[in-house]
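Heads up, the thing below is written out as structure tokens.
Which chain is which? They are A, B, C and D, in the order written, and residues in each are numbered from 1.
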């Protein structure tokens, strides 16, 4: 099975800085995986996304060493806007990633497929599909700025889904959203995962990562601290010291349970019942 | 002594959609760490803007730390009530974090030495001491948010309002914020935290105000705020993790906050 | 709530349905005629024609409301200054100390005001009945680069947003103790703390938006296909050429001294 | 003349996105100035800033679209030095005043529409100066202080920007084709 993302001794340094923001990192992510990325601020989580999608170094400049390939082709050889056919990146701020040039939700979603020069019938089909997947059908005629933060982030996601990406990167997608908005976004992601999309999600809500992602990687100062199942990763002391402890593990530790600490609600109920 | 007193406050942006309708909001808040929670559009932001005169009530009176808001300009309220708004980019403009944090006390005309000391203290509290000479926009969003919190504290106001402070914070940031809110509440200040982060409320705030559709549905000890599940649902809120866990383990009433959870677990009926 | 910087008013009049280029031609030709035609009855005629078109589009009342605030001060200033100072001034109507109100200047000032009224009416006729997106689309279908299409559409959207941001910034800085009222020096000092956060956050947003657009395939060198068809007709094409010819004819007549 | 290379037409996605932003800053600057009741337009700060940041095409297009003056005729590298800043002011002032005068003559019989300037116009015409001179002085009297302060503010803002933004938007490098060291940014 060829990995969707393959990184070997990958290191990246922003221009005019004297240390690597990321790396060295070795990583392989296969098709259909849902990987949560955790770690403190400035651990290199966003940089990891930029390197995979190619914005680093293509947009930022700077220097990339080692090997990074996505769908088997090295990121350096392919412009970001061409890669957009197969891979999408959702940013933190739902507002700034809108085109800012469209007055309706459905027109905004159509922006990407149009930039790819798709025929009108196909654009419309894709827009309808993306709106359906994100639950925005009823809002299609609204002005984007009349949406709530959570709806706006789903719109940004729909705009990516209209390109039918096989790989979706999400850089702290819920950090500006309220709990209801986050729940709605996570529901969409569950559907995409079930349909086979490969997802890499940077997220601070450790409980959400533990509950949803079958695989978690923890970053610290640009390096891979841990890589594995959530129950395993969140029980590593070095991960707990930097990325933190999910709430249910904290409560279990408080009453003297573990190790290993339960990291999800269900496992905590079970562990604490005994 | 109550620090914030609202009496029969009615407010509307346009007469068609009243935010706080007759007979208006009446609320007295003590010096403590206070959470203001409620669904989107419940009036949380409107309420905080009434506290310094950014919005003026149609009827009723607002008194903050003994100062009647109606008699002061917004800028004159600044020494009394400090704000950290949700989006740091709506206020950052100085070239260093230190200058940014000093801006408030400086425009209030405070003496240079006082400002220096207050700024150092605020930077320390917010974990920014090492970044005092960095450009605020060279920091990531979560750190920029800390700059606005430090700015609010630098004027040493008796009342502090933090709008969604936990958004985008990593685990360490949340822990620091929890310690800060607890400390401010313990110092005889009133810190009002507007938030959707119910776990944070359970961990950091002694007092909780639940606002739903422009009405105060609850104002009292946090420990009792989550007893009514219907009310929580109406406010679009989940239960805190510990409360949810204890409930699943059979607790009724369920404890709120880590200490209460541990205490309950130790003596729980088998 | 109006979201874009657009005066567009929903409607179904023939003008609303006309091709954007037809309306653009109409507007430009009306402005051209207003400044080419030499005498006030003709300039007034252009104005009356524009007013009846505004009425036909159902936006006359809105036009009068918006235009009054714009045109009244301009008219007063033009009539005043030109009647006091114009090289053609000869006949004094009203002496005012060292100055005097003259008949010739008053006529010239009022004629200039009338032309400006025509210009304003023509511009509003266009913006009241044309969706900016349709104009950009029409221009792109005639070969305008999609990048410039983006610039036009985005500018119209972003200006009102930045004005909203400016309001939020004012709130935030006042809450920090910044006075925005009082004597001029104090107000002048408030300018930078009010403007600079907007500039900085706009640059942050620019960077993020540029990245997001790249990720969505913006700037790919592909043949761009029409987003939707904008109906045009033979009649409209004839009208566009007819209007252009009328302007050329008026110019020729004016130069030849026939008018 | 190496600086002539600055006029070579090129715009990347960042430059394209920056143009409407500069226009918006123009508008916001004017809105804030009038909100504070300042006796100035201050409506071309974004245009000048765009010119300094990303070069003549961004500044020029922003200025053109805002229907205002263009800072687009100045080399951005030259602009980063103090003697250049006086140049920006003089140039903006000249472009604005010379550009506006024919428009004012055509539309407003030579008046600028600002009472202060129009008072000068009245005095000059009555002193038998030609209308075009009166029209130019009318406009210039309004533009001279306004463009001075506008250019000053824009330069101040530019200097206060974090280095990474100054570098990020720079489409024109002294060493233009150098790979790598394009822009510092953090993630």
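Rule of thumb we're sticking to: contacts are C-beta pairs under 8 Å (C-beta built on N, C-alpha and C of every residue); 3 or more make two chains touch, one makes a residue touch a chain.
All figures in this text were calculated on a predicted structure; none of them were measured in a lab.
A.B. asks: Kindly indicate the chain pair that has more C-beta pairs in contact than all others.
C.D. replies: C-D
A.B. asks: Taking each chain's centre as the mean position of its Cα atoms, how many Å separate subunit B from subunit C?
C.D. replies: Each chain's C-alpha centroid was found; their separation is 45 Å.
A.B. asks: Would you mind pulling out the distance in Å between where the CA atoms of subunit A average out and where those of subunit B do?
C.D. replies: So the centroids are 30 Å from each other.
A.B. asks: I'd like to verify one number: the distance from the centre of subunit C to the centre of subunit D, where each centre is the average of its C-alpha atoms, in whole angstrom.
C.D. replies: 21
A.B. asks: Residues touching two or more other chains, restricted to subunit C: which are they?
C.D. replies: 150, 154, 157-158, 161, 165, 180, 192, 196, 200, 204-205, 209-210, 213-214, 218-219
A.B. asks: I need the residues of subunit A touching at least two other chains; which ones are they?
C.D. replies: Within subunit A, the residues that touch at least two other chains are 42, 59, 100.
A.B. asks: So which stretches of subunit B touch two or more other chains?
C.D. replies: 93, 137, 140
A.B. asks: Considering only which chains touch which, label the overall pattern as line, ring, star, complete or other.
C.D. replies: Per interface graph, the chains form a complete graph.
A.B. asks: Under the stated contact criterion, what part of subunit B meets subunit C in this complex?
C.D. replies: Contacts found on subunit B: 49, 52, 54, 73-75, 77-79, 81, 83, 85, 87, 89-93, 103-105, 107-108, 137, 151, 155.
A.B. asks: In the complex of these two chains, what residues of subunit A are touching subunit C?
C.D. replies: Result: residues 53, 55, 59, 80-82, 84-85, 88-89, 91, 93, 95-103, 107, 110-112, 114-120, 123, 143, 145-146, 156, 159-160, 163 of subunit A touch subunit C.
A.B. asks: Over in the complex, which subunit C residues touch subunit B? Could you list them?
C.D. replies: Touching subunit B from subunit C are residues 165, 168-169, 171-181, 192-193, 196-197, 200-201, 204.
A.B. asks: Given the complex with subunit D, which residues does subunit B contribute to the contact?
C.D. replies: Residues in contact with subunit D: 93, 95, 135, 137-138, 140.
A.B. asks: Please give the residue numbers of subunit A that touch subunit B in the complex, ascending.
C.D. replies: Going through subunit A, the ones touching subunit B are 39-42, 92, 148, 172, 175-176, 178-180, 204, 206-207, 242-245, 247-248, 250-251, 254-255, 265, 268-269, 272-273.
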